[in-house]
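Pasting the structures in now, so scroll down.
One chain, chain A, appears in both complexes that follow, with chain B as partner in the first and chain C in the second.
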Partner chain A sequence: MLDPVYTVLSLIIIVPLALFLGVIYSFLIRKLSARFQWRVGPMFRMYSDLKPLLGTTRLLQPLYDILKLYGKETIVPDVSRRRLFVYSPYLSLIFAVTAILFIPFPGMPLLSGVPYSLIIASYLLIASTLFSILGPVASGSPWAAIGARREVELFLVSELGFVLSIFAVAIARQSLVIWDIANGGQSIYLALLTVAAGVLMLVAMLGKLHIKPFDMPEAEAEIVAGPYTEYSGKLLGTYYLTKVFILYGLVALFISLFLPPLATSVLWLPLYLLAALVLVFLLTAVQVLNPRYRIKNAINWYLKVVIPLGILNLIIALAIWLVV
Partner chain B sequence: MGIIDKSRIYSPWLYHLHCGGCNGCDIETLAALAPRFDVERFGIQLVPSPRHADILLTTGCVPKQFIPMVKRIYEQVPEPKVVVAVGSCACGGSLFYDDAPDNYAILGHPDLLIPVDVYVPGCAPKPEAVINGVVQGILKLAEKRTKK
Partner chain C sequence: MKFEGAPDIAEYVKKEIYPDGLEYVPLRENRVAVRVAPEDLTKVAELFVKKYEARLIHATAVDLEFKGFEVLHIYDFSKKRDRLVVVVKALVEKDNPEIPSIANITWQAAWAEKEMKELLGINPLGTPDPRHQFLPYEWPNPVESGSIPEGNKFETPASATQTKEMYLPLRMPIEEAYQSLIPIGPYHPGVIEGQIVYVKVEGEQVVAADIKTGFHHRGIMKLIEQRGYNKGAFIAERVCGICSAAHGLAYITCTENLYEAEVPDRALYIRTLLVELNRIHSHLLWIGVVADVIGWKTGFMLTWGLRERVMDIIEAITGNRVNYGIWRMGGVSRDVSQELAEKAKRTVDNLKEECAKLLALVAEHPVVKSRLIGVGPLTKAQAFDGGAVGPVARASNWKIDVRADNPPHAIYDPKIVSWEVITDDHCDTYGRTLVRVKELLVSCGIVSQCLEYLAKTTGEIRIKPKSVPAGAEAVGLNEAPRGELAYYIRASDTDANLPHSIRIRTPSYRNNAIIPLMLVGSNLADVPVVMGSTDQCLACTDRVEVINEKDGTRKSLTWDQLINLSRRASRC
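Up next, the complex of A and B:
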């Protein structure tokens, strides 16, 4: 399994695979939220008379959006800090793609076996978010500034839940290597931790992916397009691409940390995809069932939920470590 | 036709520019975007910032106070772009703009300021007509690209 040639090959394969799966997940979020709202949403099969013009299927609709943005003119505002404005989306994308290399996929351990890979992956995900804040701040637009400020506040509280949940798992399984955690067995106590820490991680994912009660950073109709107001063309496309990769990365991290051993052997692939679908369904259900919080309420809610749940997680994890 | 040209047809994003209408056309336009007619079937989305848009959808006849904003918003939409004028006011000024325009407040139809590609007449046009206009706009968008 640790054959270097296989590792290099899988590192090359995982990037387009992650892009494809991320596109499918974000398509499903759009389609499912459309179905929840009694709309049709992007179509699986286009009407037969429109097929020559509009294509057979819209399964890759998020990818078409990104490709279209790459074909458009890119406007850089005069008042922006040009270098930071232009480079931040690309740095954000690079960090997101690098984070994906540390998260295992069924049949591909990738770099998840390196020491401290859990910490490396979470740091890379944080760095990606950091550059998605820095770019908008450099754009010089008041809407982007408001959006970025909200994003920072939301990021602080959602990151707390994220870190508490992954470290509870790390303590219980006595490992900071994602591959070891993903390879670990299950027991009743660990299943209890999976439920508690999984809920915490799901709550943190809501904030990180801007799912509905926590989408105030990019609240449309309120602060224009939030952080992305001044972005256009290729730079906006790069941010959308980053979002797709981060969606894939968080779903993959969730499965490999909380549902071992689904992310290890290639034989688990169907169950892995099923788990990913269920997770995406849960995220969509939360998105369509909730209106948007104000940032103050969101932070209060996060602190009320995350701190007790995080402490509970740590108690369970310590109990598993010391007793079992 | 390359994949980028195709994806331009597959995902046109609308920016709704309301310039001084009576709100009738806006209601019909939003009805076209709402669940009943759901244009997201074809990948059409309403975007909040003109910098993300492909299609600028204008309604109403332009008041004189609004001239700089209309020009500026048109310039903010990145190329290639298409302007769809919805409603009688946006097509020819309607009752606000006769042969001899002497209105102190109203300039007239947006074509006096920005190049309009598609006209959707009607007071107010039905959502079907708006969707048809947007589709004509998408075809123009594809044409614009292949010319270059």
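Up next, the complex of A and C:
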């Protein structure tokens, strides 16, 4: 392990850094989908006549949108369970931020070296999602209730893929420590596993991040804003902030688990960012090309894809463990 | 071109269709007005609908001052004889006006009868659904403020118990209703305009549905009645911002049927051109809206991108993008030059290729298919009884198209312009998508044929209209992008410039009425898709008397006050 002072310092640095990268990823998703849709989207370089008014770039536009919400009035509905309604967004944010501390970044191992860090990180990510369901349920709105129910159903199936995928890797690498996995070597068999488990993880990420065929919890044409219908102002901003952190966290987890050793040394940083870019591009492509499923179809689709793929993953992982 | 009916049409109706009428008056273009006694209306309806399979276009009533109310049932007989429309009239007295309801015979009259009751007070006896359609359910017994107690317990106000069946969505007991009803509307992101669709859900399954309209009233019919025939064309266009050309043409068809009209051929081609361009952009808009409703933003953006180009062509031709303002009695006001026609033809041909590519993508996308197939089923029998029109009816394999059956004053003669009526046997939202996609390509074909003619020839575009005879009546039909659009105008007995009354029946008026039928049994996720599948245009549908009620005092606004209000609203 590295110097404790460095670890503490990096723990402090990673939070703003994760926020910045998460914002950049959200920006890329918005910009790329806009270009796919014959739109302009948020600007990399502002038109010269608008520069004095709007600044040279709108790279941080997703962040500005969230900050704007912090300046708005926060309304708490009378019929809500006030305490749960108000605390859930913050708890969700805390869990997401804590999860990030267990996922390595190039040059910063953070807490990923502690025993069982893989399990801790995945539990924290799940807990964050859980509180993004509990708050809406406490709001007393029928739209939120339907949205939360859909979210639970989707969460169950997408989480299945997530867990199967990360544990296949853990079995093959014989470790539950993210740092060890991220430092592991590569071989042909492991590359095979990386492809299979990576696809499964990507599929699970679609559901966890509400990428397009699976965004039915927030289907605005059907259930208004879904779980977030009654949220406004700071509380809504907190939920959006959580989403940014989770986007960063999942991308970072993906890279450290499936593309070792990109997340270890500072020297890998350019490749790390490239991998993140490719991942974001894939997510955007799926988002742009697809309409939304019904919840029933989505679950069927997940079960059809995730169970065979998950079993295949486990077989490969066991084979690597026992034979190689 | 002159528009004349067969000379023997009144005798034909008397002999072949209904011999017991009191009076037979032939109107222009094979339309016949038959006067009957009010109590015979059900008999006539039964005979027409059951025996001849005639279609009720609209049921309405006209206020004839001291003579009483004249109830009109307009039936379409075009399947039996070319262009034949029978207007059945019955005079009822003003004190205690009552007519027998025909909604039990043909359900499509239900909304029309409710409208008669709400606008004029004519009571349909034995109607299956006595609740209000356009007025609030509570009317005229409003809920007193404070009568809804705190918490989740709702009590029925004393005044409402007497008219309980007029008061309840889905006629559920209030306690039950508030627990499991989901109101989609009046303002909801899935539907752009204001209406309420109540759906009762169990889980995500819809077990009952009901629709309530009455959220925008603009008094269009009254405005035309006050302004005369020429200005009416501009107001009629403003009934709907999307199918404005269809409204313009239907209105002009109707007014031209009031007198002996003659229209130059070139004007007819320009009319066809505009109506079809209008249809293209309306269908592109619809495909975009459905893509948006099922969550496919990309499809939405791409189709609306193509739509912009159609709008650009329309702008080049008429100078306007939304309301074209070129409709005149006896022709059109603006010519299309030969160069412009050639240029537009090239653009339209390019556009047709791109549309074909994009729409093939839409129609074959697996997720789109999984969202549309089997959603909002409507059989042909249901479509006939409910009175579906336009693409909704044609997607249920029912071949009705006003352009073929009862064409408006434009060029739709299959000998001159080659085109076809599209039908589909899917009987669901996917079928409606396919019908619209194919119709759009057919419309592109008609447009390029019109432009070809306009590029080759020159000629007059307007012949001065003659004066309208007193007391004339006319029915004007047109196929709007959403379906059959009907206008009925009765000329004033004293003033040659003013209509006595005008009645508009828009296609959405019909298609909205069958939405609850299609909703039952579907998934909650499909509710906006089904609602969108009829391409509803609610501003066309609503027609309620404006009464501004605050603190129990009634105040109706004058025209000037309304203008001042709108100016004040738009200033800030």
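Following the convention adopted for this analysis, the second predicted complex is superposed on the first by the 323 of 324 C-alpha atoms of A that agree within 3 Å, B and C clash if a C-alpha of one lies under 4 Å from a C-alpha of the other, contacts with A are read in each partner's own complex, and residues count from 1 in each chain.
In this text, a residue touches a chain if its C-beta (ideal position, glycine included) is under 8 Å from a C-beta of that chain, and two chains touch if they have at least 3 such contacts.
Note that the structure is predicted; figures quoted are calculated from it, not measured.
Peer 1: Have a look and say if chain B or chain C is in touch with more residues of chain A.
Peer 2: Here the partner covering more residues of chain A is B.
Peer 1: For A:288 in the superposed arrangement: first (chain B), second (chain C), both or neither?
Peer 2: second
Peer 1: Applying the touch criterion given at the start, work out whether A:261 contacts chain B, chain C, both or neither, answering first, second, both or neither.
Peer 2: neither
Peer 1: I'd like to know which partner A:296 touches here: chain B for first, chain C for second, both or neither.
Peer 2: In the superposition, A:296 touches chain C alone.
Peer 1: Of the partners chain B and chain C, which touch A:38 in the superposed model: first, second, both, neither?
Peer 2: Once the two structures are laid over each other on A, A:38 reaches both partners.
Peer 1: Taking the superposition on A as described, I'd like to know which of chain B and chain C A:221 touches: first, second, both or neither.
Peer 2: Touch status of A:221: both partners.
Peer 1: By the touch definition at the top of the document, which applies to A:107: first (chain B), second (chain C), both, or neither?
Peer 2: Neither: A:107 stays clear of chain B and chain C.
Peer 1: I'd like to know which partner A:230 touches here: chain B for first, chain C for second, both or neither.
Peer 2: Only chain B is touched by A:230; chain C is not.
Peer 1: Need the overlap of the two footprints on chain A, from chain B and from chain C, as residue ranges.
Peer 2: 37-39, 220-221, 224.
Peer 1: For the complex, which residues does chain B have touching chain A?
Peer 2: So the residues of chain B touching chain A come out as 3-11, 13, 35, 38, 40-43, 47-49, 51-52, 54, 76, 78-80, 145.
Peer 1: Inside the complex, what are the residues of chain C that reach chain A?
Peer 2: Against chain A, the touching part of chain C is residues 182, 188-190, 204, 291-299, 301-302, 305, 365, 367-368, 370-371, 523-528.
Peer 1: If we count contacts the way the header does, which residues on chain A are in touch with chain C in the complex?
Peer 2: The touching residues are 33, 36-39, 142, 146, 212-213, 215-216, 219-224, 288-297.
Peer 1: Looking at the complex, which residues from chain A come into contact with chain B?
Peer 2: Residues 30, 34, 37-43, 50, 53-55, 58, 61, 63-65, 67-68, 70-75, 220-221, 224-225, 228-233, 236.
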